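Presented sequentially are two complexes of subunit A, the first with subunit B as partner and the second with subunit C.
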Partner chain A sequence: MDTPELTAAPAGSTAFATTTKTVLREAGIGIALIVLIAAFSFTPYFLTASNITNILTQVTINLVLSIGMTFVILIGGIDLSVGSVLAFCAVVAGTVMNLPGLDPAAAVALATISAILAGMLFGVLNGLISAWWAIPSFIVTLGTLNIARGAALQVTNASTIYSFPPAFNAFGSQTIYGVPVLFLIALVLVAIGWFVLTKTVFGRVLYGIGNNEEAARLAGHNVFFYKVAAFTICGVLVGIGAIIYMARLNIASPIIGIGFELNAIAAVIIGGTSLSGGRGSVVGTLLGACIIGVLANGLILLGLSDFMRQMITGFVIILAVILDKYRERLTKA
Partner chain B sequence: MKFAKLIAASILAGTLALPAASFAADKPVVGLVMKSLANEFFKNMLEGAKAHEAKRGDYTLKAVGMQSETDVETQINAIDSFITQKVSAIVVAPSDSRALVPPIKRAIDAGITVVNFDVALDDKAKQEAGLKLAFVGPDNREGAKMAGDALAKKLGAGAKVVIIEGNPGADNATQRKLGFDDAVAAGKLKLLDSRTAHWETEEANTVFTNMLTAHPDIQGVMAANDSMVLGVVKAIEAAGKTGKIEVVGFDNIPAVQPLLKEKKLLATVDQFGQQMAADAIDKALGVVAGGKPLEGWVKTDIKLVTSDDVK
Partner chain C sequence: MDSTAVLELSGVKKRFGGVVALNGVSFSLRPGEVHALVGENGAGKSTLIKILCGIIQRDAGSISLGGSPYDPHVPGDAKKAGIQVVHQEFNLLPYLSVAENICFEDMPRKGFGLVDYSTLYDKARKALDAIGLRDVDVRRPVESLGVAHRQLVEIARALMGESRILILDEPTATLTARETERLFEIIAGLKAKGVAVVFVSHHLNEVFAICDRVTVLRNGESVMSADIAATTPDQLVTNMVGRQLAAAMAASRDVDKAGRTALSLRNLRHPASPHAEGVSFDLHYGEILGIAGLVGSGRTELLRSIFAADLPVSGTLERDGQPRRYQTPKQAIRDGIGFVTEDRKEEGLILDMPIAANVTLASLRKVSRFGLLNKREEIRLARALGGEIRLKYGNTGDAVSTLSGGNQQKVVLAKWLANNPKILLLDEPTRGVDVGAKAEIYALLRGLSEKGLALLIVSSELPELITLCDRILVMSKHRIAGEVAREDFSEERILNFAYKDERNHGHP
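So, the complex of A and B:
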């Protein structure tokens, strides 16, 4: 999938040109989002403050998972386990939160740490197995998808955990000037992701690996370490996503998160990140997640049937990839 | 005949149930084919059946579950394997009301007593296969009507309501929608919108939040199961409309007990899932012991649960 041009410039040696291309790419997705919003604003209620708050809330979990997915897809991998791992992290955190003899603050802190550790564990596992034995991450994460789901069912005996400290619950629905706190957390994560990917050597090497793994290796980079790191970052974000899920809905159940990986992949792809790796950004992913969220919300406000909604979402994913092909040509010229 | 069956069953029980071989020698074997054990409802049902086996002590239970709600093949394989094992009875909760008809026909032709519970097999498919089989289970339509009636009684005629449905095409989802429609017609309610959230909490939260934006005047909502009730109640809280919108659900799961108590949930419907498999096994064993075959629809208990039922 590598083009000669990209192969010749691994690890972002032509920083200026790359930045210009990225900006152009993101501008395109941003325009698509604005067009979508403009189209829906003809329906009553769409542009009301409370509906915008709703959309931001609904986008949050997918956005957090998509940031992690961006890291993995950038190195040419994929993580199909995120939905199941989210359920596993949630039931671990839910169990910890209900441990006897903890005061609410300690319980929430401990639960958050354990969710992140549980997510990290699966991220490390995904990275280690796929990098050490050079197995496509598609297969490895299909395995861990089942392991995590089974483990979540096993530890809870298939039951739902539902009594969390009231303060935790209240935190989940708080807003600042109409912006949900949970979304603000996701925005901070986007900013961190953006910084890591564009302003650090670590991030540039990830792009390099996605463009041409062999070239990155020959340039002296420890590709094994970077691969494990990308999957671990994804796992950490899944852990955070699990806590956000719990704060928003006040439950932790082993059957939550089914299909979340597909929504995350869709957001990343609509956001202009190439499935073959090496191209894309978390800002694009942010816009991609917003497009999915706006679409889901707007189509319900329009009163469209469930089945039509599903079809339209499918069309948008395909359209995004086709547009990306044209953008690729334009920015290269 | 009955004696021969018992002998056959005992030989099998002896070879298959290894540790308890000498005790199981004269017990009939019941094969239980369940739906997804990842679902709390079926998990509890299986536990109820196991407790029932221990309590009765006069039969051996072999249970098979599946990985997901739509894993039809596992169920077909389970039935075929029970036929090979020559069990006395098969008690089955079909994951698909058509696809399970041929294997069930094979089991009956092999002389095995079959009881269909939880979800009814499709009448037309049964007719085409020349299969006559009773159904033991709750009336989902009647249950949903009870919940809808409670909503109508609370809100009065003309009230604006919506329903969050289960999986499109699933028999219980269809029946619950029809039951709610019955209540809407009987109570002269106004149904504003009807959407699926695939039985899921998070999706129900999102879908109901968006419905509430499109129709700010919603007064009542039915969620077709209690997992979705959890998402709907959170959506109402987030919109600051607690107490202004009445919610009814279905299943009476443990997680909604606090909501009933705080009156955030008006009512839900209990179909006594824990006992459902056990009841069906009782009925199967009755037939195996020489009782007369079941006919038509043997309805199991359903009950409307409100805050009065929660201590």
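So, the complex of A and C:
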């Protein structure tokens, strides 16, 4: 709008400039993803149906964890415990699934509920401790990272659980038109996350707290509740992630999920969410997780070693943040 | 020109954007004198000090030091030139020891970059002894000291360097009478050594106790310089205030229409208040009640304790005659109170978020159902309020950070108006707002009081309070020092109350 004074704009023009800005940011990340895909499509195998299925399968778990991480990072927190909590949720679910006397359907349902509850428990713990004593969540979740890992090892006596109902295993490898069902579930979670963050009062206040906690508090919002809620949501998604992991790989082990938290953080940051909170989106996170997945897959197809792959992923994370700084400067000017 | 002057300023000017901070300051400082710099809040004292110590640069005017031009660009330049400053805010490193703090600018070394701790402790010990602070262990972390001791450590640090000129910005604000006494002895000692001291203070009794000369700043100009012996406190206050503007504004308000009591405080005490009796007053519907007082007199704290932004430690609050004990701002808001904070960037707005989102931040329940935002309704509300307060903006979706200061302040007001409050607390409602927007905000506030809202306004600008208010309470040291009714409004009267504590039972 070029009119300097506009007190009665035409009704119906409901455009949110900031939404437009978010869309632009996401478009930028989307373009990066497309460029990446275009570059790799020169390798013969990359664009085959089976490889795409493969990439989507690879992306799924990181994507689920990243959705939860987005909520936590949006309020200016961080959750380092997700990898360990995933292992804990998995062994709890695996144990429940093998309880004697349960028919398979009930076993799976009960296991899913218990995994989500276990994840929730750690989420609530992370949120309560960091919000109540005003301890940086970095420290609190570093602690729960160890607690959850230790608990998982203790519960299982460091053994792996293999035996799940066959139908459960089969579900994990099902595809619809080449798209893994588990990835579709992750997409549904992305949609829910997007809805909550952009369409609800809850989401609005989360953004507000991430931007300016004191202003949100003085506007009458219960900052404590929202902080605990963000961590709890993250925990719930870790629980869901654990079930997805089990369905895909048919094991539950106390040593799974090592380093998953870092991949999730990377996806969120590449997706344009600010580590200091208040800015970002779940859609960006989806794109970020896809960039990491495509990159890993493409580099393998190029015949690069695992080590090189890791180095390049590292460069990409840093590059993403540097680009974001420039983008920020452009939009502020 | 004063040929004996060690420091000579003439016509120094400085503006920040559209705001003129200094508009021609001239004064001279002689070796071995203690020169007081006084003026109201916002008169330009702090800006002047920042220019002298190289934190900011002047736009115009000349400064000469010892006869040669002086033009510091970084704080290091000022130190090299022998100008030491003790700032009002602490610049200490809390987790380092007292000794490390004192010697931080010039750490004794042993070679290989190692700190020579025995020399360090020696030097620090001597520095503390020199100012009579013998009971403090130099190895203690600064964090463990009380504010008064910190202030003295700061002074010891400033004195470590070779100083020709020492600038003390409100040095006694945190000191007790005994420590103030000690500070005065230190100043006398420096004076005897030929050091020139610039003493910035609100406390006129101190100015008359230890200073040789005084310069008064008003609205960024030096309006008077005189020997202390040739002036009086009343003359200083008159000069600080300037001409009277009260008369012209008196007609604009119909005083006698205040209604029922909206809010009643009895002995309400903020945790930072040293006095158990706290603050007591009644605020009525339709009334604009002003709170005047010096910076640090507890005005902001009073508003924060009403709003439960900080919880009061004692006292009672009644809302419409019913006792209330708010635990969170949320409860105060539900009870019809709004709080326009002093610092809109830190506490009032979410700068990167859209105008509409800021307007509805305190009233999201009105623009949502079952937790779902109705963005159409939100925009409608933002536009309606935007029209009501004459907000100048492009689109309700623009980030608040794109607005001018005055319009940002209007958004803060709109945020509270969206809630239909019965009581509005306003802390410096026109700070950093240009003249035009100021007039609009005044009109808006008057309109609100005519609709029956009770307004409680804290302001450092006395003309603002005199223009707007029906009554003014003057705070001093977290207490109500006096009350002035509209027919008696004058800046002198208000300032007399503000400085009352200083004259009657201040030290020494």
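Just so we're on the same page, the second predicted complex is superposed on the first by the 318 of 333 C-alpha atoms of A that agree within 3 Å, B and C clash if a C-alpha of one lies under 4 Å from a C-alpha of the other, contacts with A are read in each partner's own complex, and residues count from 1 in each chain.
Heads up, the rule we're going with is that contacts are C-beta pairs under 8 Å (C-beta built on N, C-alpha and C of every residue); 3 or more make two chains touch, one makes a residue touch a chain.
Because the structure is a prediction, the values reported are computed rather than measured.
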item: Contacts of A:R279 with subunit B and subunit C, given as first, second, both or neither; value: second
item: Partner chain in contact with A:Q58 - subunit B first, subunit C second, else both or neither; value: first
item: Which superposed partner A:G83 touches (first subunit B, second subunit C, both, neither); value: neither
item: Which of subunit B and subunit C A:I258 touches, first, second, both or neither; value: first
item: Which of subunit B and subunit C A:G94 touches, first, second, both or neither; value: neither
item: Partner chain(s) touched by A:G208 [first = subunit B, second = subunit C, both, neither]; value: second
item: Touching partner for A:L218 - first (subunit B), second (subunit C), both, neither; value: second
item: Partner chain in contact with A:G235 - subunit B first, subunit C second, else both or neither; value: neither
item: First (subunit B), second (subunit C), both or neither touched by A:S173; value: first
item: Touching both subunit B and subunit C, residues of subunit A; value: none
item: Touching residues (chain side subunit A, partner subunit C) in the complex; value: 1-9, 11, 13-20, 199-202, 204-205, 207-208, 211-212, 214-222, 278-279
item: Footprint of subunit A on subunit B - complex, ascending; value: 37-40, 43, 168, 193, 195-196, 200-202, 205-207, 209-211, 213-214, 216, 227, 230-231, 234, 237-239, 253-255, 258
item: Subunit C - residues contacting subunit A, complex; value: 307, 309, 328-330, 332-334, 339, 341, 346-354, 356-357, 361-362, 364-365, 368, 371-373, 375-376, 379-380, 383, 386-387, 390-399, 415
item: Complex contacts: residues of subunit A adjacent to subunit B; value: 45, 48, 50-51, 54, 57-58, 61, 149, 153, 157-160, 162-163, 173, 245, 248-251, 253-256, 258, 296-297, 300-301, 303, 306-307
